[in-house]
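So, here's a batch of structures to check.
Here chain A shows up in two complexes: once beside chain B, once beside chain C.
On to the complex of A and B.
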């Protein structure tokens, strides 16, 4: 058993709390991402799990064993750093062998396990090279091989892909996911890249200002964000504000949007609504059921698979709409009067004001 | 190639000074070192001899001075390394508030004149000096300890004077060790001691090499401090060369000693840096 659980974790520096009462339960073999902007405390949490930072309060247990006050070398965790942190004075083989030697492995067993780890990250035959002779992506693989070779009970990643260029990052993401599925090691992955977090994780923990905003499956985070922060942080949704009126959202200027969640918030309540760019359909004529609102296209930009429009709604709002460039609605022009249709269940609606 | 020409141009002032003021006079001494000094007559220009070099190894007095000098260099280097590493570590890894005061404390001795510093040690170390008087007053010893005119005095004085160089080199080296690399070792199961031995120490090898070479070279070529703390009888190569030239006017012998010193220095540096590099996996 190597489920990781954090209970009421707090980290204070002087009077400033960077991690405020964070509790997380991560099941054995689960891949969880800590996602948030820089300074949200995610790296601090990771380093507390690794034992590199001492928590001010709270407990960390792995498989029921309390490791809160243990030094890093007694924790049996594997950590992959953003900077790779390879030992520059050792060969790739010695880098990967480092943790195994610390566990008393030697001789043929050691060689076999190093080679096994190297082949898992597809670096067979690179053992004799030095880190400086490898590319960034290869160094990252060595760092991964080094972390997994001693078979840690928990694997920690600290923004491991952020130093790679975009193409390599996509490749490494797939590699990383494959590796984690194969090894079934409980994994905590820190990132500020939401696409990375959503595509890799079983569950995503969105953090802001040292507090967990939402801890749920990627789909749920995306489609049913729990707070305004999560809604605006994930994706690039359009943010509008209005009030609940007759079970719909009144945006003023005679604009009314039908929304499934509106009625539950109570008549007259101020609400924030978030609309994903891809959830809007543009058409030249109003839909029959009256669920569409009128607008004017103020900007069109073509970006390959998608066409993006900036559409003005009434006096107060502009929304960005993304349409497939092969479908209908791809050939609208600047200045066109259009109708926006949004399915009521696609509107993310959250009560605004204090506590929201 | 433009960069090569620019480089040569940038180097040329220093190159000129070094050539005119250092290399040429040095080369002029090469023939001198193969000539014979005849007491009362001066340097004989009619005959060539290798006696001056042979004597360095054959004559017991010379041999002792050479070995003493090299031994002193190695010992002072080792002392500076052992004393300096913890200080450098504290400066780099300790409380950032201490960094400036500590660095100033290390540099401060360099602001004092060498003669003043050496003289200060005489005041402390001499038979009726501060240390011996204190120890006698405390009843710890009956006769004064011999702290001067021997290896002890030179070791103390030279270690003190060259310690700052070692510390500054080590500070620079330690600053270049990424904390993440050390953290990686500890998450892989290294105790703090093992992290230091397996990661920190090898990664600071370039600084250890540079600092050691600097201190070693400065020590074996030091003249003022050995003269003041060693007196006229406890000779090292630098003081011996000085005496050969200035007291005995035996230029051939002094020149031969100078070359022997220079060549052995280069050899020792070359061998030791190769050894260290191999140990640190940098070769």
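On to the complex of A and C.
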């Protein structure tokens, strides 16, 4: 068993808390991402799990074993650094062998396991090269091979893909996911890239300011964000504000949006609503069920598969709408009067104001 | 600004300065081959007898031996202490690292004569004056700044994550230092060790206060020989010293490309 569990983890520097009472249960073999803007404490948590930073409070256990106060070399974790941190004076083989040698592996067994690890990251035959002779992507693979070779009980990634260019990053993402599925190692992945977190993870833990905002499956994070922070951080949703009126959301200026969750928040409650760009449909006429609101197109921009519109709603709001460029509603022009239709269940609604 | 090769005037001037700086070396080397029993330029005739005289003279042999033991010994001790101190300073393992750095580097700035007098007084007070061990300590004091300087410079070039990677992969602190940190700072340390060696090898002002009669070093012997009256054997031993130093520097440059660390 090697489930990773963090209980009431706290890290203070002087009077500043960068991690505030974080508890997290990660099942054996699960892939969990810590997602958040820089300074949210995600890397600090990762480094505490690796033993490179000592927690001010709380416990870390792996498979039931308390490792909170163990030095990093006694923890049996694998860590892939953002900078790769390969040993520049050692060959690829020696880099990968480093952790195995520390475990007393030698001779044929060592060679076999190093080659196995190199083959998993598709670097067979690169053993005699030095890190400086490899490309960024290859160095990244060596760093991964080095981390997995000693068969750690927990694998940690610290923004490992952020130094790669976009195309290589996509390739490595797929590679990484395949590798993790194959090895079934409990994995904690730190990133500020939401697409990366959503596509790789079984569950995503969104953090802000040292506190967990939401810990859930990617779909749930995307469609049912628990807090305003998560709603605005994930995707690029339109943010509007209004009040609940007759079970719908009144935005003022005579604009009323039907929303499934509105009634539950109580009549007259101030609310924040978030609307995903792709959740809106534009059409020239109003829909029959009264679920559409009128607007004016102020900007159109074509970006290949999608067309983006900026639509003015009343006096106070502008929303960005994304439509498939092949479908209807792709040929609207600036200045057109249109109707916006949003399914009531697609509106993310959260109470605003104090206590929310 | 367009890049230009230095003009004729600048090149000639540079050449002149280099020649001027090297003249004493050339003079000494030429003089060591003279047949006369006094130093003279140009040398009168050619002979190797002064070299023979030096290499068969017990006083010179002992002095060379003392100097080598002292230079090697103080460099090794300075390496151990200097690297340990630099590492602690660099990793901010204790408060006051800046002050400690200044303290360790101070012998570079304080005039050697002052260090010599100070150490003489100190060792007299504690009753250790006149032993070879005292001389060794003194040479560690004057050579350790060179090690500290090059070690700190080399350490600042290492990615901290590389050490962390080793730790996470199961290496304890010492193993990490031995297998990762040390190999990475080695070229810098070689440069520092060379400076340390040469500094110890040529030192007069500190050594002269502390060396007992049986611990005479080569530079002290040369110094006193010159006081008593110059003969070409002094020039011969100087020539040997110059050639040995040049050979070591060349070898080190080949080996580590250490000019990058100076």
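Assume the second predicted complex is superposed on the first by the 356 of 356 C-alpha atoms of A that agree within 3 Å, B and C clash if a C-alpha of one lies under 4 Å from a C-alpha of the other, contacts with A are read in each partner's own complex, and residues count from 1 in each chain.
Everything that follows uses one rule, which is that contacts are C-beta pairs under 8 Å (C-beta built on N, C-alpha and C of every residue); 3 or more make two chains touch, one makes a residue touch a chain.
What you see is a predicted model; the values in this text were computed from it and never measured.
Applying the stated clash criterion after superposition on chain A shows that chain B and chain C collide. Legend: residue contacts after superposition of the two complexes on their common chain; A:69 is shown touching neither chain B nor chain C. In the superposed pair of complexes, A:102 makes contact with chain B and with chain C alike. Looking at the shared chain after the overlay, A:78 reaches both chain B and chain C. Within the superposed three-chain model, A:8 lies out of touch with both chain B and chain C [touch as defined at top].
Residue contacts after overlaying the shared chain place A:50 against chain B and chain C alike. In the superposition on chain A, contact of A:88 is made with both chain B and chain C. With both structures placed on the common chain, the touch criterion links A:146 to chain B and to chain C. Residue overlap on chain A between its contacts with chain B in one complex and with chain C in the other: 50-52, 71-73, 75, 77-79, 81, 83, 85-89, 98-99, 102-103, 146, 150.
Of all the residues in chain C, the ones that touch chain A in their complex are 159, 161-162, 164-172, 175, 179-180, 183-184. Residues 178, 180-181, 183-192, 194, 198-199, 202-203, 205, 280-282 of chain B touch chain A in their complex. Remark: chain A residues 50-52, 71-73, 75-79, 81-83, 85-89, 98-99, 102-103, 146, 150 touch chain C in the complex.
The touching residues of chain A, when paired with chain B in their complex, are 50-52, 71-73, 75, 77-79, 81, 83, 85-90, 98-99, 102-103, 146-147, 150.
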